[in-house]
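Labels for the chains are A, B and C, by order of writing; each one numbers its residues from 1.
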Amino acid sequence: MSDKEKSIMAEVERQYGNYGVRTRELCAEGAKAIGYICSFVPLEFITAAGCIPFRIRGDIREPITRGDSLLETIVCPFVRSCFDLCVKDRYDFLSGIVIPHGCDSMVRSYSVWSYSLNFPYFHFVNTPTVVKESSHEFFKEELRSYQKSLEDFTGKAITAEDLQKAVRLHNDNRLKTKALYEFRKADPPLVSAAELHKILTVGASLPVAEANALLDEVLAELGRRTEAPVKKGPRILLDGACVDHSAIADIVAESGGEVVVDTTCMGTRDLWPLADEDGDPVASLARRYLDRLNCPKTYRENTTGTFAGDAEARFGDIGARAKEFTVNGAILYLYKYCDPFGFEVPARKAYYESLDIPLLCLEDTYSAGTVGQLKTRIQAFLEMIG
Amino acid sequence: MTKAVILGEGIAASVIGPTGAEQRRLANKVMEEALARAGLAFEAIAYVVATGYGRINVPFADRQITEITCHARGIHFLFPEARTVIDVGGQDSKAIRIDSRGRPHHFIMNDKCAAGSGRFIEIIADTMNIPLDAVGDLSLQSTSPATISSVCTIWAQQEVASGLAEGIPVPDLLAGVHHSLADRISRMALRLRLEKPVVLTGGGCKNRGLIAALEEYLGCELLIPENPLITGALGAALMGRDIVEKARQNNLPLETRPRVLEAIHLLG
Amino acid sequence: MTEEKKEKKPHKRMTATRAAASIGPMVKEFIAGTNRARKEGTHKLAYTFIVCHHEEILRAMDVLPVWTENFAGVCGAKRDAERFLQRAESLGLSRSLCTYALCGIGYDQWREELGETPPDAPWGGQARPDFMIETGQILCDPRSKWYQASQQFMPDIPIYNIDLPYPLFQRDRDHREVLGYYHRYIVKELRGLIAFLEKQTGRKMNYDRLSELVDLSDRIWNLVHETYELRRAKPSPMGTGDAMNTMVPMNFMMATQECYNFFSDLKKELEEKIARGEGEVEEEKYRLMWGGGLPAWYALNDFNYFNGKGASFPVETTYRMVMPLDEMDLPRTNDPVEHLAWRWLGYWTFWYDKARRRPGSEPDVERLINWVEDYDIDGIVVHQAFSCRTWHVGLIWQLNQLAKIYKPIPVLMIGTAGQKEKTNREVPSLILESDIIDITSYSEIDTRNKIDAFIETLESVRANRAA
């Protein structure tokens, strides 16, 4: 690695190891950071309000303790971990939290979050479940309520120009991330899953303009790379919800494979869909967050009358990623108690079968303690397809 | 348990040793004993494959392969027509669908909870003060199996204790316990949609009561290997032989670890 | 016969009212009725969920609802859900998901694979529908994913998904600011449902009939409320055990004359019992509230166990799906669909104003406080069903918050100075844990131990009660 490369990757490593360190600094200087869980939270409004959108993460190494005295254990373990860390003041520099209508675990625990934590700002964005003309109409109004709540909080109006600027910045962020992924198309990939995970994680903790600058530097360095950091091996697609840690990718790498693409929330689900930059920004954001984001929580009507047609409409993006990145197998990694994904397992399985992509289904509890069990399954899977 | 199998033309030696926390020491021990029984020097071993939970703690292993792949290979060797393998061990249980070449194509494991493994019966036998090797046959004497929880070992213990106090005959309680384990294992296995013939392996094979209960819950006959405790190790040895042969055919060098059994020093 | 077989089958549960005892045959008849309709082709059948505010629309168009949650509950109560749950698991579904849905999907896949009703299906089984009506709601993910999962095995059956949101309680916001656009959306969704049904049945909606049915259900709402309010009496004439039966007409027969008649009869029966001083329990020692959670359908006998200890259940939050309309302040409208949408929003935001006025309160907590006072409650019992996040997430927090902000019981305690001091304590509560229909999660010994311990707590609180 060149010295320059060492320094940008070292910076990523530093911020990853102390998640939120930069934003904490900025808040000490007077900036306001608003935390969020879930890809459905419209970040552009937070940026347009002059605040920093900060992605709240869990920690698989931290046993959930204080959170459990307030939140049932039948809640998604990722949500519980995030809540537990908030209760333990891991994110005490935040000024508020936004939670969307993502899933029952979030929705039904909203009161618990908003009453137990001492932030001055809490807001719930009621994303519709279905995608119809009327849903877009409703969602635009709901987003205007959200905008107003931010204006009330900051004491400043958010203009259409502010929003348009934020739309462009966040689109830029997504395009740069897509460019990062391009390096994974090579065989073997020029950027490892572990590195990419750290870069994306750090990116989600920064004000979007700073994240974009970071990505520019990373892209420049990767462009200079001649040697792949990993060996050739089975190429894996990681499918699932909020996988905010690299345990699975690490185990795959240890077992001689490599995760080359994902369809998870901290990855392409979040970062692929763009918002239209022309026209009314609220309408454009309504379209992006309601329709372009592809998550099981959104009900997609089956207009074809067949299962194959339905599967293609719901999961087509998985097939497209699998093809673009020439994968040899896929891992569907779900948390226990996840209803939106849990109900889709048979349909997803059938879809992968239709594409002849071997699939390993893992159900986990979000804890470093299960790594041994995951290792056996992942290694056995790679032995099977290898 | 810790096991070793040395494979030559046939099985040159097989050893079953105890399990425990000092996995590296136990691995060394069974290796030494196997070599002694086979009358071989360590240098004579062409390749060593380690499998099972402790596979990362076998310092002299040339390769680590999961027990899924190894059990599949071992059972295929013993029963070439087998298409499903169910392994009931002391700590976990698993079901594997295998193809005509003995390669696994689907598997499912239960390694999260004592209630799904041989440990379940061990604990209950202990509670009732009955030797583990007697419980299976005793359970077969039941005429009316009691209903015992299949979800939680602690509950099952409570229910057995309560049953004893109420005067429910011991064979009935034991039959209930065996049914619970069989229920749990068959639920796991049925998620794979079984294909016959089905082979049962692992320590669970030593228990005739469990075999009978499993056949009932799975709705099919179970084939049983003569030496159920070593099928994983056997499979590992077969995988090792495959690797050696492939290297010879392709004229490629084989990377192996030094044939030394290092002394393990305990700290403190 | 499935009815008589295993020793596993629970003893027939004792009910406090004749009305509640009449429910079994009623449910059996719905299920039999839908099977007959399927066979004879007399009606279109729709898989659907309760609490979707669409019964009036369905009945106005003569569509017969097939209540899939009900069928799963019946399987659970008959302790015959396990084979369907296992079937669902064999498809790849996790046991941690809503067990009603697992039961339903397992059943549907089996029925489709066989091409006929699975063997010995409870009460003739669940009929194959003509279409399925899901509901996005904000309440419950399975309501949006369940039929979609079943559709994999029945791709010819279309689905209409009614999104039915309501504004979540936010302390710093008056919900009236947003009700307008919520209302507009719900109205469009309901009109969309009508259009879907018109297409599927080939008939046009009769809006006069719809208005009549909406009016009928309004009257039923008020009647149910008045009837249940009678349970404030001491001793309370009817308990939650019975209410788990009487929820049937309220949720499965809304907008029918039979439902109205049922509650009229129940009201009369309760009035008679009160006149005779007859309670759910002979010697009522403790009055308990079922503060949340769906019941363990295979263990309704536990209510009799509570009764045996002198505990009655005058009130429950579960399945109390109606609130008095005249306390809702709904905008007037002649349009039945608009009225339905206002009523939906009125129900879900019923406690918001009161909650905002009490520091630290929240709508569910506010409801608990109000009913503790209205029904003179000594203790609260909640049930955590592991597979249902919808009704069970937040119960621990509610009890915690309730204990924080509401301490109505004066007790005498030994203070630090060694003298008797008067202090106020919170209402005692008990959390039971198992599931709605997965009986493997339930331990009778464990549950009854917990109940015994709770009764002892209630005794001790009473013994220490200050004047």
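Convention: a contact is a pair of C-beta atoms (placed from the backbone, for glycine too) under 8 Å apart; a residue touches a chain by one contact, two chains touch by 3 or more.
Treat the numbers as computed from the prediction; the structure is a model and nothing was measured.
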| item | value |
| --- | --- |
| Label of the chain whose CA centroid is most distant from the centroid of chain B | C |
| Contact-richer chain pair [A-C vs A-B] | A-C |
| Intercentroid distance (Cα basis), chain C paired with chain B, Å | 47 |
| Whole-Å gap between the CA centroids of chain A and chain C | 35 |
| Interchain centroid distance [CA atoms averaged], chain A/chain B, Å | 40 |
| Sequence positions of chain B contacting 2 or more other chains | none |
| Of all residues in chain A, the ones touching two or more other chains | none |
| Sequence positions of chain C contacting 2 or more other chains | 92 |
| Sites on chain B touched by chain C in the complex | 147, 149-152, 155, 158-159, 162, 187, 190-193 |
| Contacting residues of chain A [partner chain B, same complex] | 372-373, 376-377, 379-380, 383-384 |
| In the complex with chain C, residue positions of chain A that touch it | 69-72, 74-75, 101, 103-105, 107-112, 114-116, 122-124, 126, 128-130, 132, 134-135, 137-138, 141-142, 145, 149, 296-297, 299, 301-302, 305-307, 310, 334, 336-337, 339-340, 342-347, 349-350, 361, 363 |
| Residues of chain C touching chain B in the complex | 8, 86, 89-90, 92, 440-441, 443, 445-446 |
| Residue ranges of chain B touching chain A (in the complex, touch as defined) | 53, 64-69, 103-105, 107, 109, 111-112 |
